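Same chain, two partners: chain A is paired with chain B first, then with chain C.
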Partner chain A sequence: MMINTGENKEVNMSSVMVGKSNKKRLNLSPYLYIGPHLILFAVFFLFPTLYGVYISFTNWDLIGDPEFVGLANYTEILLNQDSTFYEQLRIGLGNTFKFVIFTVPFCIIVPLFLAAGLNTKPKGMKFFQALFYMPSLFSVSAVMIIFAMLFSVSFGPINHYLNVDTNWLSTQPYAWVTLVIVTVWWTIGANMIIYQAALNGISKDLYEAASIDGANNVQKFFKITLPSIRAQILYTVVITTIAQFNVYGQPLMLTKGGPTSSTTVLLMYIQENAFGSGISIAGIGAAMAVILGICIMVVSAIQFFFLRQRD
Partner chain B sequence: MISLIFLLFMAFIWLVPLLYTFLTTFKNESDIQSNPFTILPINWVIGNYQDVLFENTSAPVAKWFMNSLIISVSQTVLVLVIVSFAGYGYSRMKFKGRDAIFIFLMATMMFPAVVNLIPLYKIIDTLGWVNSYFAAIVPGAAGVFNIFLVRQFMQGIPKDFDESARVDGASEFQIFTKLILPLIRPVLTVVALFTFTGSWNDFLWPSIVFNDIEKMPITPGLQLLQGMYALDIAHALTGALIAIVPTFILYLFTQKYFMESLSLSSGVKG
Partner chain C sequence: MKKKAVLMFTILFVFAMALSGCNSSSSSSGSSKNEILFWNPFTGPDGENMKQIVDEYNKTNPEFKVKNLSIAEGDMYTKIPTVVNSGKGIPDLTIVHAERIKQFVDNDMLTPYDDLLADYPEIKAENYVPAGWNIGDIDGSRYSVPLDVHSFVMYYNKELLEKYAPNALDDNVITFDEIREAGERSKKDGITGFGLTWTRPIFLSIYNQLGGDITSDGETPTLNTPEAKEALELIKGLVDDKIANKDGEDPGQLFQSGKAIFYPEGIWMQNGLNEAKNLNWGLTNFPQISPDNIVNWTSSHQFVMFKDENRSEEKTKGMMDFLDYVRQHSLPWAKAGQNPAALETLEDSEYKEMPQSFLVEDPELQKSLKIFDYKYNGFVVEEIDKLVGDAAFGKLDIDEGLEKAQKAIEDKIATNKK
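Let's look at the complex of A and B:
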């Protein structure tokens, strides 16, 4: 039975009359809805993360029982200059940082320009959009095979058509150059789409008003466009940085970590120590992973602090 | 005008690797040896595809492809079910600690996943899942981002709909299945696409949990293929091309959703 209380709201009288209250019954069903995920989350994410930190304080070969050793792993890789693992951390973390520093700017600037270009709604826009985005859907191993062939010193078309004989994959600085080129080709699609959507949302009136005031295109770009999409730039900078810290497949398959370990990234050493051939050195691997994790979180926090909207 | 020139130039750069790959897969290896730099194949052959697909010992691409298909489809289905229920729970149901739990889950997205790898392997090992599809399917369903997407989308559906259904005597489950699920089809499509693609392209984790050549999916398998066909350019590229075909086709059919989803996730209404 419905009563019109005169406020454009109809009060449902039936639940009142029956005396049924929906609020106080002990209801298990919400837990049935969120439960399955929470169980998976606890078993396959939360617990491993906590256990991973614990392992970094142990000696463990993944088979027997972990043996607690306190800070020994950390002192070894951070302070013991004679240790191979110290070398690995130094080289691996250094290269990971280099990779991040070399690739992230391009992974922001290139898609930004592409998005700006697409924002002029040229002919064939959909084709361009699809073309630039699609590589991000390909697996890293497939893309690395393709580019290893493309940039091959002896039979790669790049050297042939540019008429050079650069050894792209096994000498520096070309190894880094190739890694950056490949990473940009492969990954900028997602950022481009995000910027496109953001640019779409900027009101045309702002640009018109600026034109009237005599602003040129460069000024409009820096004074209107960039500030308007500040949130998306922050988001993509943080996400892209985190993604590039996790680099693994590109140097593994393209430059094979070379020449002489100059492109061997930390994740490769972690994988080698924990899962490589021979006895697993999981404790050291875990300690390296924790350090990598801390670096990621610290860098993200710094980026967030500097780029956030202050209002 | 300048933009068009710029775009055309970039498009050329983006196309070159794809065209190079496609055309080379139809070239005869011996033709490549003698004339390495023709653009078009001298003789168009499909032998590379036959070799690569029917190779059965060191790089069984056909087997890898099937493994990937089973793993990716299964994970997609699993995630869709888990994420729909959980999203509904956090959006539509009232229970103690609901928002606190949800915020906690969101916060854990900040934790780098790299710390996980070693213990996760041990768990998989203990469960007896090494070299099994489960190892590649189940852990991925623990993710939190998709729940965020689904819940956000659900928040946009007016709660009045639920209320009127409740008044009519519908149970929670009926509201969930008959009312809400049909309405969240767009976000579920996005979740499905990204889960499938992410699963198909996963590299590090499958290479850790699969050491049996027969059981591994195609993405880590390509690393072995690269070793095997190190000097056989056409064969290597054929393997790579086969690996990217499914996500390429998926994209062609569902372009719209990929684009929309990125706007969704970055919080921009585009």
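Let's look at the complex of A and C:
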């Protein structure tokens, strides 16, 4: 008994000592936790970003040494109205903005309604949840090949069942319609899961109280559901907007940027200039990428500002 | 907690080390002593045919075995400048497209073959198809040895040809007039005359038949010309008169299901067509405006050596042995649907029976193989790809389109030269 208690005391004391010394010394554990991510972040994100910004101030063909040219690339794409690259930036950025404006509302509303529907716990809910989430797991090329077949003019089932011969992929406005449908279908899953989790967290008491006060379902949705998940909506709006600004695969594979460059988004021009079939013009490509990055930052900041203000 | 974090970090660290270990071991194989690292862009079914050649060569127990590495074309061309700049993991032999070589030479990235050829007298102009061989000769030095000459020609449905244009092939050349005639007849039965497939070689072939070329002197691009306008109008005419397929229709599907007579495509597509049941196809020249001046768009896969200070003389000899072996054993490559550049293949009766061999067998037709060799070829074809489809289907004013395309090419060249 005696020995036991003695041992116990010793153990207790040492743990106290460790606790005290930890407070005095620099605590390494938080850095150890973020360390792996920090290293990956630096190697795969921070360094390439800074290097990209540096390249945008140079003239480089990826082969020789980058030659510093100051702001020449930026004046070329932003100010020189005769330049092909000015045209590319204007058309590419315009089409990218169009794509964001067309797709983001649907990428928010459609998953929200699906999540609200699933939240009523219908029969086969798990099945539908899996079904709606599945497209997010497919690669962009697989999805685009499937949809190119679905929307094919002469052999596609969509034209067959609608009994029309609409050229979905290479006439406007159908090219945009197709791109929006494909993108929404492909990206439903991620936002839907977030909304489902948020809807689960709303207290049932609120709905019961509202029912007693005589609110109908529409009123409940707008007065209780939406305000309760405002934080998640803010988050998904920002994340979805950023994701759609980086659109590349859908127009590249479905419409090939056509008809007449009306769906050529900026990333396609960036790719063409930096890694096209000709000699690389990496400086111009990088400058365009920086402009795109600034646009994304500005738009996200505005969204944060407006959505936060309502609090 | 702290211990856990340390443990986790250690595991990750070891994992990262292991990963980078894998990486360095694979890249160091580039400079491995007894192995020739061979890069090529054959990631499709043709990769199997190339692998067969390499495997059979390695079975002859050469001093330097060849290590075959197929990389997707886009990735390969992005990787090349990186590895050549860093000096690590440079491939010994690489297959590149003919149109890229001038650009590599301009940047001083290639080792010429000049001094090596003395020991290999059979690697010479007389033993190769001229179009393929001439590409590698730049300013009096030899920078590449051709593997093949692959052409964009025309397939036809034998039964439909018999029905709608029985005499078209009498002179072995199908002209656009004959296609129009056949198409006028067949469209009443719902059969498409002409499949508008890959617009780039279709346009370039016609452009060259009319006397145009993408450069006048090897420096200046020439796309906005009366000949280009005429070529685009010819293609648009086929669409307007419903000889060609409609916008959005897949000509490949039409042809394979027996609903199109003429289907311009590359010779390399034939193995795919053989999979279509009930399709009896033939292969002939690309359609011509006049039978007197035949042009078949062609490109070529070429063996080059990227500069590497650490490559030994012995290894370079091993590489030459391999090239000489390929020259004599190109038959597996012909089976991929290609035309090997080595004329020795012609002595093989099996090759002579292959449909695509007609282009090489006839010395006159060898002259029709036109490679659009221009150091800014990449800039030109990017614009052609955007232009031709839209112009053909009437979405774009031809004059305006040509003007814009010409300007885009000039701007890109100017920026590049800065």
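Quick notes on this one:
We adopt the following convention: the second predicted complex is superposed on the first by the 266 of 311 C-alpha atoms of A that agree within 3 Å, B and C clash if a C-alpha of one lies under 4 Å from a C-alpha of the other, contacts with A are read in each partner's own complex, and residues count from 1 in each chain.
Everything below uses one rule, namely that contacts are C-beta pairs under 8 Å (C-beta built on N, C-alpha and C of every residue); 3 or more make two chains touch, one makes a residue touch a chain.
Worth saying up front: this structure is predicted, and the values here are computed from it rather than measured.
Aligning the two structures on chain A places chain B and chain C in a clash. By the touch criterion defined above, A:S170 lies against chain C but remains apart from chain B after alignment on the C-alpha atoms of chain A. Chain A is touched at more residues by one of its partners, and among chain B and chain C that partner is B. Residue contacts after overlaying the shared chain place A:P36 against chain B and chain C alike. Once the two complexes are overlaid on the shared chain, A:T225 sits clear of chain B and of chain C alike. In the superposition on chain A, A:F275 contacts both chain B and chain C. Contact with chain B, but none with chain C, is seen for A:A198 once the two complexes are overlaid on the shared chain. Applying the stated contact rule after C-alpha superposition, one finds that A:F155 touches each of chain B and chain C. By the touch criterion defined above, A:L62 reaches both chain B and chain C.
Touch criterion met: A:Y235 reaches chain B, while chain C stays clear of it. Among the listed stretches 43-51, 97-105, 187-195 or 205-213 of chain B, only 205-213 clashes with chain C once the two complexes are superposed.
Residues 29, 32-33, 36, 62, 152, 155, 275 of chain A are contacted both by chain B in one complex and by chain C in the other.
Chain contact summary for the complex, chain B toward chain A: residues 3-4, 6-7, 10-11, 13-17, 20-21, 24, 32, 36-37, 82-83, 85-86, 88-90, 93-95, 98, 101, 105, 108, 110-123, 125, 138-139, 141-144, 147, 166-167, 172-173, 176, 197, 200-201, 203-204, 208, 218-223, 225-226, 233, 236-237, 239-241, 243-244, 247-248, 250-251, 255, 258-259, 262-263, 266-270. Of all residues in chain A, those touching chain C in their complex are 28-29, 32-33, 35-36, 39, 59, 61-64, 69, 72, 76, 83-85, 152-155, 167-171, 257-261, 272-273, 275-281, 283-284.
The touching residues of chain C, when paired with chain A in their complex, are 1-2, 5-6, 8-9, 12, 16, 74, 78, 81-82, 84-85, 103, 107, 109, 246-250, 253-254, 375-382, 386, 389-390, 393, 395-396, 404, 407-408, 411-412, 415-416, 418.
Only residues 12, 14-15, 22-23, 27, 29-34, 36-38, 40-41, 43-49, 51-53, 55, 62, 113-114, 116-118, 120, 122-123, 127-135, 137-150, 152, 155, 157, 160-161, 185, 190, 193-194, 196-198, 200-201, 231-232, 235-236, 242, 245-246, 248-249, 252-253, 267, 270-271, 274-275, 282, 285-286, 289-290, 292-293, 296-297, 300 of chain A touch chain B when the two sit together in their complex.
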